[in-house]
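The same chain A turns up in both complexes below, where it pairs with chain B and then with chain C.
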Partner chain A sequence: MTTTLNEPGTANRTPPVRAPRRARHWGDHLFVVPAVVFVLATVLYPLVFNIDLSFRDVGVGEIVTGGAEWVGWENYADQLGRDEFWHALVISLLYTGLAVAVAFALGMALAVYFNQRFPGRNIMRSLLLLAWILPTVVSANVWRWMLDGSYGLINTLLEAVGLLDGDLFWLARPVPALFAVVFATAWSFTPFIMILLLAGLQGIPDTLYEAAKIDGAGAWRRFTSVTMPLLKPVNLTALLLCFISTFKTFDTVFLMTRGGPGEATMILPIYAYNEAFEFFRFDTGAVATTLMLVVPLGLSVFYFRSLRREEAA
Partner chain B sequence: MGTTGGRSVAAWTARAAGVLAAAALLTACGSGSDDETSGDGDGGATTLSLWHYYGTPDTPTGAALQGLLDRYEEEHDGVTIEARHIPFGDFTRTLLQSAAGGDLPDIALINGFTTQALADAGVIQDLSDRVDEWGEADRYFETGWQTTQVDGATYAIPHVADAYAVYYNETMLAEAGLEPPTTWAEMQDHATQLSDGERYGLAFSGIEGDEGATALVIRLLAAGGDPAQLDSEAGVTALTQFSDMIAGGAVSNGVLTWNEEDVKNQFANGQAAMMINSATYLSVLAEENPELQWNVALLPTDAQASTFLSQENLAISTSTENADAAWDVIAWMQQPDVLAEYLPERNKLAARDDVDTGDDPVRAIFAEQLQQAWAPEGDLAAASSEVLTRIQGALQAAAGGGASPADAVAEAQGQIDEALANVE
Partner chain C sequence: MTTAVRRRRWLMVGGVLITAVYLLPVYWMLATSLKESSDIFSTPPDLFPSPISLTSYTETVVNHAGIGRGLLNSTVIAVGTTVVTLAVAVPAAYALARLRVRFVALLMLLFLVVQMIPAVNLALPMFVIFSRADLVNSYVGLTLANCSLAIPLAITILRPYFLSVPGEVIEAAKIDGCTTWTAFLRVALPVSVPGLITVAVISFLGAWGEFVFGLALASDEAMQPITVVLAGLTNSFGTRWNDLMAVSVVVALPIIVVFVFLQRYIVGGLTAGATKS
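Showing the complex of A and B:
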């Protein structure tokens, strides 16, 4: 009798009431298909293509016609033996570290400041976001003009307060050029950090500060003992996102200095660009970009581990 | 129950199919737009695509080219040329990427120095047979024509040529009682006299990358040197003089950050008494700064008279289905009477010797300078971008980085040798 109550192919172990739910689950997964296709086409395929390229001998002759010879680790060995690569890596880490430190310090200061209530706060916060919204091509060129030795605003201001006498071409000297690109990058990332940290600050209950006040804690003590520990996950996220974005920054530095003067601002993305698209060495360009993945990847692992520890605690 | 489940699956399948169809449509839209620009259309109409880096039609350089293409269309019924502007910095990269994707234009207007690289990459086709039949190859200036040659075959036709000369501010030189310099010692002397703390004597582009090597290459050639051999007496002489001029204030330290447009602006604003630049800025200077009294002189000469060639070539892509139509456009654009009208608009010089260039004395100076043009050949042509970048690096190291000229050229020579050795 029981068999007649079921459709062919449906066994007794599956209660009939669950069938539509199961179908709905299967159907729901279809919505992920465009996203999967998108990720496969725009992220995974180029990534795999780039890694494959880094193991082949690809000059200008092979990039179009194909047929590049597989050379194993040879390109990596060549690249790791080049002083220029290590120089670019060191400059990249220096540039990223300094830019993130400056952006974080400024972002934190602004977040703490704007976490207080005062008239005009919201308008000022929105205005500060302009630096983040502004297209890089605009901000980098504006910085380039402002730092010009002959007619730049920065030199005019420095001369007005008596700190400078004569022309100083910031982007023509190695050390000033590095500081200039660091500051321009930090300037554009600061509002992003500020917004992230401000959201974190607003999640800290006022009662904690009141309790700390009653215990006699001053402003600095409240910042170090209440704010900073509670902001730790937000801080980590902000630092990591900022580090990864800055480490792969290309446009700001390219537009301001093209990696110069000399090799002073030759960060890895520009080094890889020059190798591939200026000198037509696509293989070594691919090696450089593949190796570039290692630093943010390592940091991401560290980040997720520390997040897991936070959650477990 | 089963019926309900079946309807549900069918409904979801239909929805999923809809989503996939939409995705497929989006993909098709993304890749299909360029396909319309090539191939024979209906009724014998032909649409050709042409990629260039001159500028959009609302810029002076882009407008001149668009005017030329419009003229061709007017004279040739059924032919449409769709021009696409790609910025210079992205041009070669875009061509190579498009070639890898099998989506090239019919005609490409390329830089003379990248012709060999694009031929090696299989992006542009061998035109030797067409050129033999055409029979006008011997009309072209030797150095410019050499940029179209790869392993004895012709891969492009020179479109226009350009050369570098000295622009000078007549008022400033007259006030100082000076004539344009004829040797580099005079150039340094004049530049020093003409600088006064507010303005500099000489300006040129020394920006990071290959563009910033031009002036130093010009100075090196004048001393009888060879850019492939920077570590030589001529190389040290050239670099020492440039470093001295920068250190002494005759040339601004800012040249290390200036491209050629910036250099033109410095000259136009009276910040520089002389500049080394190409003919590109002739009409811009005349139109934008009518009150500025300026003129042009030949570059100073020491051991030899030389200038740096700047040239664009016309090439046909390997993937075109309209090679005959593309060749017809190229050959038409190279007719002397067409060039005679087009070149003054474009502020360029003829790459061939049978074009009436008019009687403008300034253009005559550039045309004379063009006769002494130098361009890289052979392995140096294939690695020219890297070699020139290294030469700029030597300028930077000596002028801004504190290295001695001898150390700077020795360091750059190692990199130049490596670049030349990498040429396959």
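Showing the complex of A and C:
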């Protein structure tokens, strides 16, 4: 595990010069200490603190003063017995699954297209990444405007091609709202997937395609029989990374719908945020966030495995 | 003209079309921000703003006190985050790549796992901790919160850069009388400048666009970063889409400028940070 996970790329060619074991320099550790202390203080301590909160009865007063009473599993029983919590989990998984599916399909299509040789492709690839690095506050606002029922550009375009008749207020109706946030999220993530897949595509030797062509394979056949099997490790890594990142997304949905209309787009991060910062229930909010952590951390195990496999391949 | 050349030309045309359609939202933001209030509600919408109007910028953006304040706050927080991240992450990444440090695999795993944690998971306990430490509504608190995710990311991006510095070069510098520290400063850092720029750019952009920490840890309007200010304006501006798009352009502008000039650092860095440990 250690070797494959930690010596990627060029490192394989220039192994670090290691002195005999006895010569470990304790002074060298001073370089790492600040970072480790920082992560312990700003990530691990808050996480542990959060778990502690989830076992206490925290009222508004106790947020500042501390000293909340220990109530054991009571908050967990409360959350797990609430329909809203399960609803938020289902919406989260639905939203994440759909957004990842759309982003992956589009990202794959773009990667295959921009893997072909033609002038200007590098500039175009980079330009597409703009969608990804744009602050989500900005893109969410632009999508709200584009999806406006009466004057939005999306409806105008849909009407022009005959797919829509009359106004559709996307963000005011449950199913269209879910599709809207899925699409806006996928728009941001697609270029990132494209870049990850392009790196994988470039590793496939041209000779394989030449050989397939000689054997009479058409473009689609070459994609399904050469590209997809060889991209499998890269695909898996990209899918897992995208799933984890989308599952923890907060901004896009919060800014477009705040979880509404009703609870139609109430994903877990917004549910947990509301518990704490809208209703000042920091204890049940801590339960929701702690439970929420299971999905990304669980998947990260598979992610690390797929990373290792990709590097070994 | 050979078929190969013709094919490439058509592929290029297709590529331009795909790129244009994909970035339509970015264009629409810019176009709307340059329209007059009366023009944004014309049906069908005008694809090009005519006449081009800068009113949204000269009236709304410039005169709205909250926007200037938000931009200032975001600048302070983003610069602070970048400086602290570089100061903490660069030596750590170097040591994990090139020095005799224990638990390298474990630490790299830690820094990678940390990046999987949703920001809400940290924002909630941080609010309670910061409330007790009087750090809510402060630059220090917001910078610390941003660094919590920026530092692990920076280390994962930087370590491969330092691994590509040949160990022999550093050993040679030591034989010539460098200490570990001066070998790091005078030999390893200068050859890793592209990596340092990448990390600085990504830290800055991340903090500039950050929303959750700003929302949770800055309830005082005077301390809110521009992203939170913009989110607040979406309610108060209602259907003044041209004004809202103008503010959005201003928020996106530093990102776009950095992107145009430094995109090669961003593209390489982001993929390296995401897939390498």
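Definition applied: the second predicted complex is superposed on the first by the 274 of 313 C-alpha atoms of A that agree within 3 Å, B and C clash if a C-alpha of one lies under 4 Å from a C-alpha of the other, contacts with A are read in each partner's own complex, and residues count from 1 in each chain.
One rule holds for everything that comes next: contacts are C-beta pairs under 8 Å (C-beta built on N, C-alpha and C of every residue); 3 or more make two chains touch, one makes a residue touch a chain.
From a predicted model like this one, the values you see are computed outputs, not experimental measurements.
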- [ ] Evaluate whether chain B and chain C can sit on chain A together after superposition, giving fit or clash.
- [x] clash
TODO: Examine A:262 and indicate which partner it touches, taking first as chain B and second as chain C; both and neither are also allowed.
DONE: first
Open item on the list: Tell me the contact category for A:31 with respect to chain B and chain C: first, second, both or neither.
Closed with: both
TODO: Pick one for A:64: touches chain B only (first), chain C only (second), both, or neither.
DONE: both
TODO: For A:141, select first, second, both or neither according to whether it touches chain B, chain C, the two together, or no partner.
DONE: second
Open item on the list: Quick check on the superposed pair: does A:149 touch chain B, chain C, both, or neither? Answer first, second, both or neither.
Closed with: first
- [ ] Tell me which partner A:233 touches in the superposition: chain B (first), chain C (second), both or neither.
- [x] neither
Task: Superposition-derived comparison: chain B or chain C, residues of chain A touched - done: C
Open item on the list: According to the stated criteria, A:176 is in contact with first (chain B), second (chain C), both, or neither; which is it?
Closed with: neither
Open item on the list: Going by the contact rule set out at the top, does A:277 touch chain B (first), chain C (second), both, or neither?
Closed with: both
TODO: Please pick the stretch of chain C from 42-50, 96-104, 114-122 or 132-140 that overlaps chain B when the two structures are superposed.
DONE: 132-140
Task: Footprint overlap on chain A, where chain B in one structure and chain C in the other make contact - done: 6-7, 10, 16, 19, 23-24, 27, 31, 34, 63-64, 144, 148, 150, 277
Open item on the list: Per the contact definition, I'd like the list of chain A residues that touch chain B in the complex.
Closed with: 6-7, 10, 16, 19-20, 23-24, 26-27, 30-31, 33-34, 37, 59-61, 63-65, 144, 148-150, 167, 169, 171-174, 257-264, 274, 277-281
Open item on the list: Considering only the defined contacts, which chain A positions touch chain C in the complex?
Closed with: 1-2, 5-11, 14-19, 23-25, 27-29, 31-32, 34-36, 38-39, 42-43, 45-47, 49-50, 53, 58, 63-64, 66, 110, 113-114, 116-121, 124, 126-131, 133-139, 141-146, 148, 150-151, 153, 156, 160, 187, 191-192, 195-196, 199, 237, 241, 244, 247-248, 250-251, 254-255, 269, 272-273, 276-277, 282, 285-286, 289-290, 292-293, 296-297, 299-300, 303-304, 307, 310
- [ ] Under the touch definition given earlier, write down the residues of chain B that touch chain A in their complex.
- [x] 1-2, 4-5, 8-9, 11-13, 15-16, 19-20, 22-23, 92-93, 96, 99-100, 117, 120-123, 207-210, 252-257, 266, 271, 383, 385-386, 389, 393, 396-397, 400-401, 419, 422, 424
Task: Touching residues (chain side chain C, partner chain A) in the complex - done: 8-9, 11-12, 14-16, 18-19, 22-26, 28-29, 32, 40-41, 43-45, 87-89, 91-92, 94-102, 104-105, 107-114, 116-129, 131-132, 144-145, 147-149, 151-152, 155, 160, 163-164, 166-168, 170-171, 180, 184, 205, 208-209, 211-212, 215-216, 227, 230-231, 234, 241, 244-245, 248, 251-252, 255-256, 259, 263-264, 266-267, 270-271, 274-277
